[in-house]
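One chain, chain A, appears in both complexes that follow, with chain B as partner in the first and chain C in the second.
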Partner chain A sequence: MKRLLKNREMLLVVAVIALVALIALRFPPFVTPGNLANVYNDTSILIILALGQMAVILTRCIDLSMAANLALSGMVAAMLNAAMPGLPIPLIILVAMALGAVLGSINGLLVWKLDIPPIVVTLGTLTIYRGLIFLLSGGAWINAHQMSNAFKALPRTTLLGFPLLSWLSLVIIALMLVVMRRTPLGRAFFAVGGNPHAAVYTGIDVGRTRFFAYCLSGTLAGLSGYLWVSRYAVAYVDIAAGFELDIIAACVIGGVSIAGGIGSVGGAVLGALFLGVIKNALPVVNISPFAQMAISGMVIIIAVAVNARAEKRKGRVILRKAEAAHG
Partner chain B sequence: MKILKTLLVTAAVSVALIANTAQAETKKIALVVKALGIGFFEAANKGAQEAAKELGDVEVIYTGPTTTTAEGQIEVINSLIAQKVDAIAVSANDTNALVPALKKAMDRGIKVISWDSGVAPEGRSMHLNPSSNPLIGNMIIKLAADNLPDGGDVAVLSATATSTNQNVWIAEMNKVLGNYKGINVVATVYGDDLADKSYRETQGLIQSHPDLKAIIAPTSVGIVAAAQAVTDAGKIGQINVTGLGLPSEMAGHVKSGASKSFAIWNPIDLGYSATMIAYDLIGGAEAKPGAELKIGRMGTVKLDDNNEGAMADPFVYDASNVEEFAKIF
Partner chain C sequence: MAETPMVARHIPDRLEGRGARLVKSWETLLIAVALAIFLVNSFASPYFLDPWNLSDATFNFTEKAMIAFAMALVIISGEIDLSVASIIALTSTVMGYAVQLGFDTPALVLVGLAAGLLCGAFNGLLVTGLGLPSIVVTIGTMSLFRGLSFVILGDQAFTGYPASFSWFGQGYVWWVFSFEFCLFLALAVVYGVVLHKTNFGRAVYAIGNNQTAALFSGVRVGRVKFVLFLLTGLMAAIASICLTARLGSTRPSIALGWELEVVTMVVLGGVSILGGSGTIPGVVLAALIMGMVTFGFGLLNVPGIVMSIFIGLLLISVIALPILYRRLRGSH
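Up next, the complex of A and B:
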């Protein structure tokens, strides 16, 4: 089982490298170290979000409200900054994360206490959160000149040659590795998704575990909200519209099973990187915008097909062994 | 005595009747926009409200879907039909998809016009262009060329590949390209009116065209994202971002020098004119080729063979006036 996962991650690494090589054939400057660092930086937000989504999907749930949560937290961060330019940026980030956590916990509570299907809950909160942004902002944009320089500078500040945004995503990856591998909560995510009934017998509260998964995804969405708004230096109702699908696609490509219980930090990161490379390559390889959409869609379906085959093979191997024993 | 009583009752009844009819005559004009929460349309609503105030007996219903989809607009239009509004003025997300719903509205006696982004002729009685397409197409390339006396490479960052108005403007721009010596349009890319995709497309342009001198973005989301991407790439002064944008959204980028100038018509005037035209049509004016419709303080608009009219020339904003207009919209 573990080896299979490892193999899948290797497969993804190979796929990402092959993809980069293919792009380099058409547009050689793509593979310069500087550009690859840019691509990673551009994908940082998607990586952070995919890690939060992974925790939720592992528990057999789904969070469709992440992009709306990001937009709402980002809008609040931008409005705070516009209204009180003197407020220290770390405090604004903390507020965005706390707000994200609260929004995530609302999803978690509805799933846990009212037992509503996660897809319905988050589909509802997705619309509610987007609506809230509209109510808060009255439809107005927060623009570059309304944000303080410090607010916009943080993700761009370079440290040891890389922007802080990239470093931040590396820190989140490291933290998630520790949480998933070394803490009871991380193991509970896998247990709840792998077999909820068995998890109950081992003393894990399934609902509570899901609640924490939603809090985690909400917190990361809140953090991403600030990052997004400061990176693109604009906040409005529709920011990151439809991005929830990219987040879920990153997880699926990364081998996180929608049925729960299977997945890894490495897989989710690689899945996000794979999408990031495609998103950054399509503008430079000169492909028609209609083909771009078709390509993105095809990649997701191929990834799911590969994953489905990998899971099926497991069953076949046992059967073949059994046949061999009989034969 | 009896006569006096009768007279009084009659007077009371007729006053009540007159009051009733006056109330029933308040005209409901729906302003349907591409999506709620976009600065441009919020400003158009301001103009529509101004027109309503001026006319007195008009109630403007400002509405639209939450995302820029034709499906969302069809739902909105159906609910407006149920509310029995007198006129619908729509900025369409799709040229053809709205036609059946709008035809239904016209069958029920509702006056339908489109403004900003048009509907196919069979789905509306007239279309109000904020400016004429040739004028806009000329303006966006002129904005780029004015800052490039020696010519150079320019690229276009559009909205989606299927956006009605962006495609028309780009086509008109290409028609007059020959008038601007030395200006080469090297690429047209699509940012889908998403901040992140537009930003990425701009990065792609900077990479694949090292000699790029200007980026023309005839869309308000795209121009802001392109200006930010140029700023982050440290290309201020080398690449000028121009096109169509809102002063309040572009003020910072004009100040930083990422954008030297850009253009837009006044959306307040546009919402105002659309409401005025809708009111004229409710009052019995007919929209036919050659007709002149009154648009209050904006004068008149003359309809062409396709029942389309142009409001005014696009207006150029630069460092000298952007701050002032940023306070308005």
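Up next, the complex of A and C:
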């Protein structure tokens, strides 16, 4: 029992269930299966993005450019579709993913080859990618009527009662589970974040692992770009502005340590779901949607404080005493 | 977040002379860049070299630069504060609320400063008291502070600031020298002295270079860091007073994205993002450069978002170039 409580994922599951129960007290229809499925579907994109961010954070890096990458890839997908309505949708998705991967690899290369701190690189590319959308589109919007029906319909198509968007996020979760648990790359993410020096001695190229993490987050951002644009049927410069914070928040809530090396697929998914439930519940329990930003901020701070307690390293007693005395 | 790789450090037999070091310093490079931009601007647009135009141009950077001074100290000490723009928003909102309650200018300023200090203290407590990484804490408070501003204001705006309040953003001390520009100069001197001439400044460098060593040499690491976050909150409040007075209104989206520009300014000024090194004169020069670039682009009708591409490129290349340079020199 004690171990079960200490298990992060279990704790999060309890937290999410408690949150849903609390909402159900004030608004019972929230917990109908149909609505919960809707909430999951609405959170699907955040889940996909959080999984990419998790890989990056595991390697002691951070990707602040994911939302900008999403917006740029989404805009390119929408413009392609508007210019050539006949183009098959899978091809457009591939282009969006490839573009996302390229944008991610730029981050990765700067971090790998030039040793620039990841936060600086991605702060820089965040503004550059956003600016590029403006240059590409001239500030114009791509509206629903300019997109082909097939382009808009794909995430909405239902399969066995659930929208394709939900299925897609489930597939990505499964793929990430395999990558993180069963492949050398997944192990390398943990090794690099846990102890970079030790990772070098075990024959892992730290820079290259980080590069792959950025490629992964970029590819997922590109995929999300198409999903976002087709789901909301509009593309403009500012879509998903500020969403990078939600993505990081999902990871932090999910127990992914910002210091690297600690985290899990389940945690990131649950962290995203926690935010998704809050976002969907605010309007139905009569809290102003304007409060969402403040609540996210509060949740991030609480989550990181809880994480820090859990991660506190034992040992180095002398130092800690000195720190306590002077700190 | 990124740990410095273990590189064998080569210690030269003889240090370079004072003159040689001065010529090769980052600040000299910045002066050259600033002069070049000044020249290009004056050729590119006939309107650039006008005292009143140049005076107007200073508003492009003074408020951000005020925050950049405090941010420079925070970054030198190895931390970061991404919540500054949100502190501006919350402070401005609180002042707007105070106006509705009938407060007059002196009270407004006090309320604003107090709000900024409280925000800074909150960041400082979380970072030093609970020992949390400043980057996540301030990403959280960035969302929290601006979020509170949204809770109070929603889609509304506060206006109706007293006429005497607008002097902080629109007043002139003498001829073309605005209050903001004079405050910027005064703060530059204060921060320069504090960082380069006092024990506190030495402590900031010591913490940034090696926190553990600083601790064992008797530096009160936690207290110094707390004061730094307090200072950043205070400077954000001062910037907020100037900005609010200049605009004459408050919306929750005020100063959106400024944290990026402030960090860019600090890094462009030669402050190492990993902590431990940097100077205030460098930050002043970087502020001038960014101000002139934005102003010059503005005169040439370049849209703001294209300028932000340029700022992003500037941020990355400014850090990448010295690394490439060192690598090229190290290879032979």
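As a working rule, the second predicted complex is superposed on the first by the 300 of 327 C-alpha atoms of A that agree within 3 Å, B and C clash if a C-alpha of one lies under 4 Å from a C-alpha of the other, contacts with A are read in each partner's own complex, and residues count from 1 in each chain.
Simple rule for what comes next: a contact is a pair of C-beta atoms (placed from the backbone, for glycine too) under 8 Å apart; a residue touches a chain by one contact, two chains touch by 3 or more.
What you are looking at is a predicted structure, and each value in this text was computed from that prediction instead of being measured.
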Are chain B and chain C a fit on chain A, or do they clash, once the structures share the same frame? clash
Contacts of A:G131 with chain B and chain C, given as first, second, both or neither: both
Touch test for A:A174: chain B only (first), chain C only (second), both, or neither? neither
Looking at the overlay, does A:I248 come into contact with chain B only (first), chain C only (second), both, or neither? second
Given the touch rule stated above, what does A:F27 touch, chain B (first), chain C (second), both, or neither? first
Please work out whether A:I62 is in contact with chain B alone, chain C alone, both, or neither, and reply first, second, both or neither. second
Touched partner set for A:M84, first chain B, second chain C, both or neither: neither
After superposition on the shared chain, which partner residues are touched by A:V237: those of chain B (first), chain C (second), both, or neither? both
So, A:I17: does it touch chain B (first), chain C (second), both, or neither? neither
Is A:A144 touching anything from chain B or chain C once the two structures are fitted on A? First, second, both or neither. first
Report which listed segment of chain B has C-alpha atoms clashing with chain C; options: 2-10, 20-28, 92-100 or 146-154. 92-100
In the superposed view, which residues of chain A touch chain B and also chain C? 127, 130-131, 134, 139, 237, 288, 290
For chain A, which residues count as touching chain B in their complex? 27, 29-30, 35, 38, 42, 127, 130-131, 133-134, 137-141, 143-146, 156, 228, 232-234, 236-243, 279-280, 282-284, 286, 288-290
Chain A touches which residues of chain B in the complex? 35-39, 42, 66-68, 160-161, 187, 189-190, 192, 194-197, 199-201, 203-205, 207-208, 224-225, 227-228, 232, 248-253, 255-256
Partner chain A, residues of chain C touching it in the complex: 1-3, 5-6, 80, 126, 128, 130-133, 135-137, 139-148, 150-151, 153-155, 212, 215-216, 218-222, 252, 260, 263-264, 267, 273-274, 303, 305-306, 308-309, 311-313, 315-316, 319-320, 323-324
Where on chain A is chain C touching in the complex? 60-62, 110-111, 114-121, 123-128, 130-132, 134-135, 139, 196-197, 237, 245, 248-249, 252, 258-260, 288, 290-298, 300-301, 304-305, 308, 319, 322-323, 326-327
